[in-house]
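The structure appears right after this line, and notes come after that.
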Amino acid sequence: MIHSYLYLSIILFCLGIVGVISRRNVFTVFMSIELMLNAANLAFVAFARVHESMDGHVLAMMVMAVAAAEAALALAVVILLHKHKSKLDTNVFSLLKG
Amino acid sequence: MGQSVHYLGLIPLFPLMGAVFIGLLHVFTCKNAKLPEKVYGLLACVGPVLSFVMALKVFFQLKALPVDARFLSHNAFTWFSVGDLHINMGFLADPLSCLMLLFVTLIGSLIHIYSIGYMSGDKNYGKFFAYMNLFLGSMLVLVLGDSPVVMFVGWEGVGLCSYLLISFYSEDTNNVLAGNKAFIVNRIGDLGFVLGMSFLFWGIGASGFDYLSLKANIHHLTPAIALTVCLLLFVGATGKSAQIPLYVWLPDAMAGPTPVSALIHAATMVTAGVYMVARFSFLYAHVELAGDIVAWVGILTALLAAIFGMFQNDIKKVLAYSTVSQLGYMFAGVGVAAYSAGIFHVFTHAFFKALLFLGAGSVIYAMHHEQNIWKMGGLKAKMPKTYLTMVIGALALAGCPPFSGFFSKDEILFSALATGHYGIWAVGLLVACMTAYYTFRMIFVVFHGEPRDQHAFDHAKESPAVMTVPLIILAVGAAFAGFLNMPGVQTVSHWLAPSLTEHHPHASSFVLVFAMATSIVAFLVGIKIAYSKFGKGAAEPVFSGFEKFAYNKFYVDELYNAVIVQPYKAVGSSIWKTIEPNVTDGPVKAVTRLYMMIGTAFKVFQVGYVRIYAIYMIVGLSLMSLFLSQSLN
Amino acid sequence: MFAHVLSVIIFLPIIAGLLLLATPASRNIARFTGMIVSLAALVLSLDLYMGFQSTGHLEFVENIPWIASLGVSYALGVDGISLFILMAGSVLLPMVYFVFATKEKGYYANLLIVQGAMAGAVCAADMILFYIFWEVMLLPVFFMLGLYGGPKRLPATLKITLYTIAGSLLMLAAIVYLGVSYHAQFNEWSFALDKMAQLNLSGRVAAVAFFGFMIAFAIKIPLFPFHTWLPDAYTEAPTATTFVLSAIMAKIGVYGVIRFVVPVFDQEFARFAVLLAYSGVIGMMYCGIAAITQKDFKRMLAFSSASHMGIIALGVFCMNVQALTGSIYQIVAHATSTGVLFLFAGILEERTQTRTISDLGGIAAKAPVFALYFAIAMLASVGLPGTSGFIGEFMIILGAVKFNTAVGVLAGTTLIIGVCYMLWMFQRVFFEKATPKSENFKDFSLIEGLAFLPVIILIIVMGVYPQPFLSKITPSTALQFASAAPVVAQAASATNAHLPELTIEQK
Amino acid sequence: MFADGLFLGFAVLAVLGAAGLVVFRHPMNGAMSFVVTLISLAGLYALLSAKLIFALQLIVYAGAIMSLIVFIIMFLNIQPSDLPKEETKLVYILGGLAVVLPIGLFLAKIVKSLPLSSTAILGNDFGGVKQVGLLLFKDWLVPFEIVSILLLISLIGAVVLAGKKEAVK
């Protein structure tokens, strides 16, 4: 049944959120974001199946492309971060502090 | 209507042009190439003399006209016109302004000629003459203006020039302060004048704001407004003509060069107030209460100034207080509705006061700018011409028959008596006695007795002809001008009659003779006391008690300083040091502070960790979800 | 004379200024561009002045629909009231390029932009268009003050910017309210000025909208007690900015009251006129008295300017034709006198490197031409007859006496207050003995002397023969009272409760 | 029934993998656990008849992207001491779950209101390379090109960022 796919998507998405807000390791945070993207992808594909239209598939591909681009940039940033601070902690950066 | 003549506008224009021309010449040459003094002197005298010639022409043209139609006018252009307000740059010559015109230009010219000698060697020679010409030009605008507004141009103009000339030696702070004082005190009077004009305009000005239209519509004015206007205009007059309470600037005005003092005191400026009241005689004759106030203020000023005059050591200060005192007489005259008497006293006073000032200038010049009378003495022998002319002036001032001052002063006292103002007459008589005393005190101390400063005495010598000739001309005027209006002849009164709204009091010849006799007695008493105290030479007195109080002018300057000037300054500094930042700017600052406080409060949440911001977002989202899932069912 | 002369006067300087900012021009090129463009604007304005017909209505009208769905149009036009403010800007601004030769490029470019924006605000006949120019005016001031100002410029910049923007936002809200009410009453969208005047407004909301406008203008004028930004801003701003602020921009506030508030909110205006008049007159006295104890001559002039603006604003609130005309005349007179005094103060500061009055002295002897010019401008600013200052001041006092005797008497004290601080300053700076700082004071060069000469002559001509100028103003001011605001006229005749006799003789 | 069984298996694996990602301390462990999720998701796509996406998920996601991540993790040679000390990790995770719960419930509520529909395997004309490719190059051409530009930009960005010489040291 389609509902089970959507429930799964919700669970994965929520887990992604939890990962983002509870962890300080940059890699984990980054992969949690990927997890949320994947949850969305699952929903896309599921809806594509329901409507029997493949637009959802196309969107899922776009999301993958974005994820790839994001991965490239994010990892570059992580490398820089590690170079400068030798840390993988997001709390190292607090420039926004008021 | 009277004739329109185009050359009326030229009369003030000559000196004004002269002022502009000399001024520019001075400004552009004073740094590099100095022009010879003669050029300036000659240029400076051209304007006043030409004006005098024109004034004579006006006089003869007026004289040729029938008595009722004796006025000439010239409307140069529309000055400004808005709504009901139409002001022309118009000039009016009637017997009153013609008389003023004649002696202002005559005495002005003489003072200019005299200044050529007096000012020689001054580094700002050109500037001086530019100001002098401007001064005379402004006075002529004042005299000739055909509406109060045009008069006001001259009125402020002479105020400005007095400021410029009093602070002429501008390196000395005291001189500049005196100039400031003159201008500011005059401005206080001008405020009255402007407000008076405003009330007058809203009262009856809509159908024309020149003197002739005002005179024609005067009966439309309600009594309350008329009184307001009279008093406000008189405030203006007290400023310009140095009456209580605004007389304080005139004695300080001695800071300027002596010819300036002569010009201010004799020909221009201070007489403007009297002239203005006479000009508005149609209004003041309407409001008896205003006249009484004017008369009383005048005579009290006369008394006060005479008291001060008796104890001054500076030759020019003595003369200055005598001017204030004489001006008081004039106001007493116009106040009791004897306008022609007042104006006549202006006329004679112009001669003898110019004479006395120029004579004093001559003495000061000879004594190398020493003004303290207790450093002089015995100058009679060294400066006979100056001595002789000064004595004539002093006799005229003191009211000795048959010199001019006697007739004019007596006319005023007689008018006061005849109109039933006995109080004014009595005070006037007392002042006459005091006048004789302080005038001859000065003469005796300066010219008689032994020289007190031998060194200065040895170097003193008679002034050059360019200075003494004007003295002699003025002395002739001071001696004989009085006959023009002696009882029974009354030439001046008749001449002025068409311009003034006045009723000659009918009094018996006994009153006339009584007034004359008392005046003569007062004069004799005054001179007797002076002679007995100073005739044989006297040492500089040490003042104590009342004398000291009077010598310090009853501490009026100090009083004004403490009551007005200092509080004003204090308010000024408290405004921008206390009120401005705390009260006026307070709400603005409070708003700023409020924002700062809110900002600080919210700063707590700005921890700087992106993760925490994400938590805020998720918590918000979560709360929204809670809310939305309830509404979903 | 061509059809879009107003647009050219507005946009020529703005475009020139933007181009200068965008290109890497040198400061000399910037200065000469400014000179040429402002002179061109001057020529066009003079042409405009000659062609002005004094009908009392808007002339040289341009009207192009802009945002048709909201009835916003690009509408321009001048009448006797706006003409003179436009002229004041065009005549005075070219001087700046002659006098200040060594400034940054951005200085000149911003001056050009502000010139165009001010012309736009004065000519706009549509409220939205006016609002846009009104806001654009502020930007160059913000940059000039913030970039080229004195040592304490940043707080001053913040203060003036926040103050004016707060005011403008209130005005924007009021404008929107007006547009919506117009739509409600006439069932079409429009922000055109002449249509707004037909609005029939009443009630509490109208009063709130009225104050929305009034506060915006009061801040710009500045009217007591909204003046607190002024001393800091005027003192810290570079001379040309102070000059622009005091000589022209403040006047646009007064102009706004005449142009937008009086015709649209006639009832509210009549209701609150006494309050506003007192605010004007108190501001005049307050700032005038504060001026006397200033130690810094620029700050003193700032207070003096605020004091004069109080009395100019008073002329508008007095609701009679003499005071209003006097007010407009005084706008020009004040621009030529106090505005020029600020320029002189700038020169004084440049040459002596000080702004403290007590550091100076004896300049009259060192620099007679400078002293003469300064004295003439100063005398005009204290309202001496024969200079431009007298005519306006006299008419304002005259009108104020009619409007309300107490206000009139208080307004009259400007004669005394003005002269006190001016003479005091003049004495300390120009008279007395020279100090080390003023000892080597150089007089005007020939170019400077010639650059200022037209203004000095203008001061005297406007005082001696004002009627040609007045005859261009009076048709518009008379119209203001004849048709546009009957309520105002009616209210004015009933205001003077102190001396009812005064109103009897009046037709 | 077989399909339901597969779904259940994949779903459990996916959730466990995701949970592992959130919980494991070392990123390498997390990455490995995440790969499990990704592969299970690929299986789910296959169950949803999305053949192309199934392939792409395996090749691009589980293959390319994850190997990049793992490569970087290994490249940095992370020592346990480099890792942030997260003593309160569990508290955060539990708190996070509590905060997220309403969101999940809300979304679930929406899903519940959707009509039921079958997920039976569809035939060859759905989700294949040809069909999706046609759609991609006809209806979605412009977004496709925009994505290509995005990839280009990110490529340049990555090079610039990572290739920067040591400026701050």
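All chains are identified by letter, namely A, B, C and D, in their written order; residue positions are counted from 1 within each chain.
The rule is short, and it goes like this: a residue touches a chain if its C-beta (ideal position, glycine included) is under 8 Å from a C-beta of that chain, and two chains touch if they have at least 3 such contacts.
These figures come from a predicted structure and were not determined experimentally.
Contact tally for B-D versus B-C: the pair with more C-beta pairs in contact is B-C.
Centre to centre, using the average C-alpha position, chain B and chain D are separated by 99 Å. Separating the CA-averaged centres of chain C and chain D is a span of 66 Å.
For the pair chain A and chain C, the distance between mean C-alpha positions equals 60 Å. Between chain B and chain C the centroid-to-centroid distance comes to 36 Å (mean Cα coordinates, whole Å). Counting partner chains per residue, chain B has residues 615, 618 touching two or more of them. For chain D, residues that reach two or more other chains under the stated contact definition are 96, 99-101, 103, 107. In chain A, the positions touching at least two other chains are 17, 21, 24, 90-91. Pairwise chain contacts present here: A-B, A-D, B-C, B-D [touch as defined]. The touching residues of chain B, counted against chain D in their complex, run 615, 618-619, 621-623, 625-626, 628-629, 632.
Residues of chain D touching chain A in their complex: 7, 11, 14-15, 18-19, 21-22, 24-25, 27, 30-31, 34, 37-38, 41, 44-45, 48-50, 52-53, 56-57, 60-61, 64-65, 68-69, 72-73, 76, 78, 82-84, 86, 89, 92-93, 95-97, 99-101, 103-104, 107-108, 111-112, 114, 116-119, 122, 126-127, 131-132, 135-136, 139-140, 143-144, 147, 150-151, 153-155, 157-159, 161-162, 164, 166, 168.
Put simply, chain A touches chain B in their complex at residues 17, 20-21, 24, 29, 90-91, 93-98.
By the touch criterion given at the top, residues 159, 163, 224-225, 227-228, 231, 286, 289-294, 303, 320-322, 325-326, 362, 364-365, 368-369, 372, 379, 384-386, 390-391, 394-395, 397-398, 401-402, 408-409, 412-413, 415-416, 419-420, 423-424, 427, 430-433, 443, 464-467, 470-471, 474, 477-478, 499, 501-507 of chain C touch chain B in their complex. The touching residues of chain B, counted against chain C in their complex, run 23, 26-28, 30-31, 77-85, 89, 149, 152-153, 155-157, 160, 163, 167, 170-173, 176-177, 179-180, 183-184, 187-188, 190-191, 194-195, 197-199, 201-204, 206, 220, 222, 224-225, 568-569, 571-573, 575-576, 580, 584-585, 588.
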